[in-house]
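Every chain is named by a letter (A, B, C and D) in the order it is written, and numbering of its residues begins at 1.
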Amino acid sequence: MDFEVTYTEEQQRFRREVRAWLEANVAPSMLRTPTSAEDNYRRYLELRDLGRKLGAKGWLYPTAPAKYGGGGLDVDHAIILEEEVDRFDLSLPPYYDSGGRLGSASILVWGTEEQRQAFLPPIYRGEVRTWQLLTEPGAGSDLAGVRMTTAVRDGDGYVIRGQKIFVGSDNGTDRIWMIVNTDPKGKRHENLSWFMIDASLPGITMQPMELMGTGGEGGTDSGVKQTVFFDDVRVPAFALVGGENKGWTVATTHLELEHGGGGRIGRNRVWDRLLRYCQETKRDGVPLSQQQDVRDSLADIYIKTEVQRLFGLRNFYLTYARKPKSYEGPQLSYYRKTTGLWMTGAILEAVGPAALTTDPAWGAPSGFLETQQRNGIVSVHPGGTTDIQRVQMARRIGIGRSTREKAGTVHGAE
Amino acid sequence: MDLSLTESQEMLRTTARSFMQRETPVDVVVGLQKAESSLERDLWAKAARLGWLGIVLPAEYGGSGDSLSDAAVLYEELGRGPLPGPFFSSGVLGALTVLEAGTDEQRRRILPGVATGETVLTVAITEPNTSWGPGGITLAPQGRNGSFVLNGTKLFVSDATSATDLIVAVRTGDGPTDVSLLHVDAKARGVSTRRLPGFLSWQCEVSFDNVQVPATSLLGEAQRGWAALSRALERAIPILCAYIVGGCQAVYEKSVLYTQTRVQFGVPIGRFQRVQDHVVRLVNHLDSARWATWEALWKLDTGRPATASVHMAKAVASEAYLDVCNAAHEVHAGMGVLIEYGLPAHTQMSRTLFHYLGDPRWHKRRMADALEW
Amino acid sequence: MDFEVTYTEEQQRFRREVRAWLEANVAPSMLRTPTSAEDNYRRYLELRDLGRKLGAKGWLYPTAPAKYGGGGLDVDHAIILEEEVDRFDLSLPPYYDSGGRLGSASILVWGTEEQRQAFLPPIYRGEVRTWQLLTEPGAGSDLAGVRMTTAVRDGDGYVIRGQKIFVGSDNGTDRIWMIVNTDPKGKRHENLSWFMIDASLPGITMQPMELMGTGGEGGTDSGVKQTVFFDDVRVPAFALVGGENKGWTVATTHLELEHGGGGRIGRNRVWDRLLRYCQETKRDGVPLSQQQDVRDSLADIYIKTEVQRLFGLRNFYLTYARKPKSYEGPQLSYYRKTTGLWMTGAILEAVGPAALTTDPAWGAPSGFLETQQRNGIVSVHPGGTTDIQRVQMARRIGIGRSTREKAGTVHGAE
Amino acid sequence: MDLSLTESQEMLRTTARSFMQRETPVDVVVGLQKAESSLERDLWAKAARLGWLGIVLPAEYGGSGDSLSDAAVLYEELGRGPLPGPFFSSGVLGALTVLEAGTDEQRRRILPGVATGETVLTVAITEPNTSWGPGGITLAPQGRNGSFVLNGTKLFVSDATSATDLIVAVRTGDGPTDVSLLHVDAKARGVSTRRLPGFLSWQCEVSFDNVQVPATSLLGEAQRGWAALSRALERAIPILCAYIVGGCQAVYEKSVLYTQTRVQFGVPIGRFQRVQDHVVRLVNHLDSARWATWEALWKLDTGRPATASVHMAKAVASEAYLDVCNAAHEVHAGMGVLIEYGLPAHTQMSRTLFHYLGDPRWHKRRMADALEW
């Protein structure tokens, strides 16, 4: 076995190139905690700009096929990129782009050649941001139960109406990747379809939801998600991906990736900052990290983050070495979610109420522990609750149902 | 043996519950969350008229002379909100501290105002070291012209932004428990209070910048402060636990209702064993907290040695509320994190009270000491 | 509220009477760890003898109606008896008598007057020992699925055939309290019946099962349960309790009691001995109880045993004050079982491998910790697994099914 | 990056698995449980012929010179039984200790016999204080006529009743790590061994009553014993972890099969979410232990600093095996406690190995030290 990528001289050169480029193009201010709504928006625009620059180099979606505007890089180069971006506390993309990540992967597998050519380049180049729209008031864990948002064929297009909730973050989106019901009387799993549409179409309105936290992807802890309303929104037929009423098949790819099937390499950022905080914060003259109770808590937390890293590494390896997977995707997701929730208690016990405040004097730097206290809870739900992850695991292990369920396809045309 | 409430306790419960339903439905509780001060004038005045602010005080000091168990019945109802405001800080911990520490003159001067609600107390114990033991108290006043001068910070002080009077624990000697209690006007020059921002409920910073405190503000005798405070804490903590039990109960009821009404995969989600198991975990915590709390109250009210039971109750209740909220979030998934739904108010309160007056580890260790293992 | 029984002078006199009687009649040797199978049998006979003496005074089943040979005592006197017996590390009855405890309670509720008069006095007086026979190879958690053991009406009696497992303990039994299928083609819950029969009837044979532990009631940690075979055993029709095919109704009483509905007062014996062991055992010159890690574990263990005691007390109160109950019975059972299993790990961590050995030099006295290590695991299953207890809790809380399920009746004719 | 086994490792796994299936089915493993000695002559001889007893030894000492990862593949298969016997005690920990501590002469004298199986080693470290640190070693030999005289007890020594040779850690100075290793003939006058009875697997008491040990029996140099033992432990522990992973894997497979075939309430019990959740918990532990173990092995085999990883692997694996067995018992209910079913052999082994070579708390603290927090 080999738990590390062995880099060639050429790859090390690439690393140096990436690092130099990032140092030149990532301003430290991009990582600031916004001081106001306007500042938040300005910061967002800076990150989008960075995304476009990364996209132009093929580094925004490094392993995506070059012919559609992706980087076309092999996995080793992609790892180098992820590692280097990680050094700046950023992810790829450096802003919330859920529909871009998951929609593009789905389109790669299930879209027509024309759709790939039309939809993928703007995503891969960072020209558009895309949000995914799945949940409805009546369909959360039960995604197959989507019913409130419908698309009805009308001439050369479709008319969408309905409502989606828990969408995106703040500062709006360019594109929408959504699942709707296209046959209200149809059988379960045979009545859904996916659309990739413009967010600016007439009839689409958004209204922010105020939440305890967002638990979102790297950096976007705006505390806001949107309710999106569709009032007879006309979309072209071309926007339908994977075929009418074939949406559940497409969803298997989408969900496999969302459920952790793709794996992940890289360290746990909360851990790094937590350790540093405990080393730098003294109580009664002694660093927290030198107090036995705190040390014991830190050891438990560290081990869980390490196991999570190892699960992510394994899934990453299985994905890119194209090895068969079964329960590993939802296992990573389940482990990550339950660990995050458990960590809220472990950190609170270790650090005390300082973990709860964003106060610059008495809380942890940039309130990162307070964010963890919220997001450790909130993250348990998006992309499938812990309960749903266990449903998936059990099916793939081959218990609970008469036939063993397979992992969704995550490799597309290349 | 009788594990039911008395008739008068049942009446108090009914009164309090209908008051809460009328005056503080979820939207009111949620609306209060962002206020700098937890005290809502109108509510406070009504509570005073109901006699709730002096519930632990003897009649001679303007209170109703109820038992701790009676007070606990009330606080269980307040906890259901969870109703913010310095009810506990002033009407229980503050009142009991003055009762235990003050001279009779001081009690007569301070306590009637607490019962009427004009005086709002809070007790400032912890400092940046966040320790709840006497060793954690390092704020030492300097003497000047027979009065005290305070410079320093008290941290995570509950409801300080709504207090009129602060009871401040200060270090006045080198012995481990050489602590005294000062009665400080919250509006005195040099005193500033602010609510700490974040995922916690009205835990405040109190800063003292050359604050002059007259010698007469010393509650009772010097160096006896820790002993008095310990007695007050022993009686106050189970009432805080009852507040927590009320919180757990409300979250339990919310969760059961949700499992019965939320339909996914064509059935109420309560049909799924995983969802049931979140509720089972929740109710086990709830009942653990409830019975540990009530046994401690019973011991206190009947004059039995109660120290170990009180420590156990706080440890159990703190852990319970935290994980009850976790379980409820698992039941509710996305719906539970909507601020307007009301669950986040409990979640935030559960995190706050996890540490307030001592976290589970602290209380478990004090329990072991009290049991003389 | 009042968490204690307040005793009258008369009751205190009763306590002194009981204590004096027990001191005169309980030989310390009865509590010995048997040195051989023969010694185990001798000890059993001594305990049976003690049972008969207790029975003659009405103290074996103190609250059972006097007219059937029980003590007819009120609950306060019963508590005094239990407390005093507990001081001798004994329970009532002082030997494994599951069928006596649960069968008699069921017969009191569901038996005819003639059956009460015939079956109850020998049990209450300690003249017979009774085992319960429920589990079959194909019906464990699913008690309603009993199918292998059948009783067929034949003239003035029934003929029983089949097989039961996980029965009793060692040294045999006098009576058998069993559930069988009396209508193999009948509907679920409408095809079972209960019988109270002689264990000496022709056609009944027993074969010991070797187990990791028994997890049994007070004192009988023989490590043995029986497989019981029934080869055309003829029993009189009088042995049928509660009516043919009415067995599920009778079972609700049986199971409510078995699942903790009756409650319990009294301390946790493992805890008392564990604390004493940790106070008396020094490592590197320091008592275990003075070492912070051990102390922390002890605090956690103590709290769980206290909560268990409080749940037991509450159920006891609800039962004897005849207050309505819902989930409290299975909650106590669930809590007791999960706590016992959790304690195996907590004790192992606190005490180290000394917890695992029965060695007189290096283990805990009489190997009581080793017994806990086994029985904490084994006890999770008898009388309904933790999973089944949660099924019951959920139903009674009113989730999971359209109608809320009620607790079984536990009060009989008096 | 490559997280798969090499071809030769796959072959070793196949060989070992078919050997185990043929030679040590469940009834054989269960049958061995009550024996005073864990060593079964016939099995031992066959294992020796397969080269398993010298798998970690260089060729010059009669071994096969395989990597630790190779050895781990073998031990994962042995752990599936769980196959008892001093395979690990002699062939891994004993062999590595002699390799690390001994002079070249001593290695040449002792190790070839280990590889052939004639010599059966065990390393006696812990004492009644049950500590795995150097401070726990208090057994101090007296010098007499240039030889050592041993009086005292070593406790929880694995497989001592089947050992021909003991490596005994003794205290030979007052410094914290002033420990030396003695090579003692298990049949020497005054040495007695007995298996401790109870819910544990071949953990033995070794008593020394005026045992004369010649000076030449000192392995390597005096006072250097702890350093050598630490190096040996660091390499041996991940192989023990692999044995544990094999145990977890076997219990997992048993449990999955049972949920698929056991029918209750008319369906296979795997349909019930609660049963699934026991399996989920189980497989999460299994995979945690597996990957923590394999990363530590990889670090050792590639010469990377591995101390923290080794400590983590043992902590994770110890906790995993314990709770994997708990989860399996919940899946199996009554069936799982039948001795003949084979699960209790794992349960007992999981309890034994929880503490053996250091319990989770011990290793977590050493991990924190190694990470220099």
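Rule of thumb we're sticking to: contacts are C-beta pairs under 8 Å (C-beta built on N, C-alpha and C of every residue); 3 or more make two chains touch, one makes a residue touch a chain.
Quick caveat: nothing in here was measured; it's all calculated off a predicted structure.
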Those chains that touch subunit C and also touch subunit B are D
Select the chain at the greatest separation from subunit C, using centres from the mean of Cα atoms. A
Length of the line joining the C-alpha centres of subunit A and subunit D, rounded to whole Å: 42
At what distance in angstrom does the C-alpha mean of subunit D lie from that of subunit B? 52
Using CA atom averages as chain centres, what separation in Å is found between subunit C and subunit D? 40
Residues of subunit A touching at least two other chains: 390
Please set out, as single numbers or ranges, the residues of subunit B touching at least two other chains. 272-275, 277, 361
Please output the residues of subunit B touching subunit D within their complex, sorted ascending. 272-274, 277
Looking at the complex, which residues from subunit D come into contact with subunit C? 128-131, 135-136, 155-156, 196-200, 203, 205, 263-266, 269, 272, 274-275, 322-323, 325-326, 329-330, 333-335, 337-340, 344, 347-348, 351-352, 354-356, 359-361
Can you name the residues of subunit D that touch subunit A in the complex? 1-5, 69, 256, 259-260, 268, 270-271, 273, 275-277, 279-280, 283-284, 287-288, 291-292, 294-295, 297-299, 302, 312, 315-316, 361, 364-365, 367-368, 371, 373
Residue numbers on subunit A that touch subunit B, as the complex places them: 135, 138-142, 145, 165-166, 209-213, 283-284, 293, 341, 344-345, 348-349, 352-354, 356-359, 361-363, 367, 370, 373-374, 377-378, 380-382, 385-387, 390
Touching residues (chain side subunit C, partner subunit B) in the complex: 1-6, 275, 278-279, 289, 295-296, 298-300, 302-303, 306-307, 310-311, 313-314, 317-318, 321, 323, 327, 331, 334-335, 390-391, 393-394, 397-401
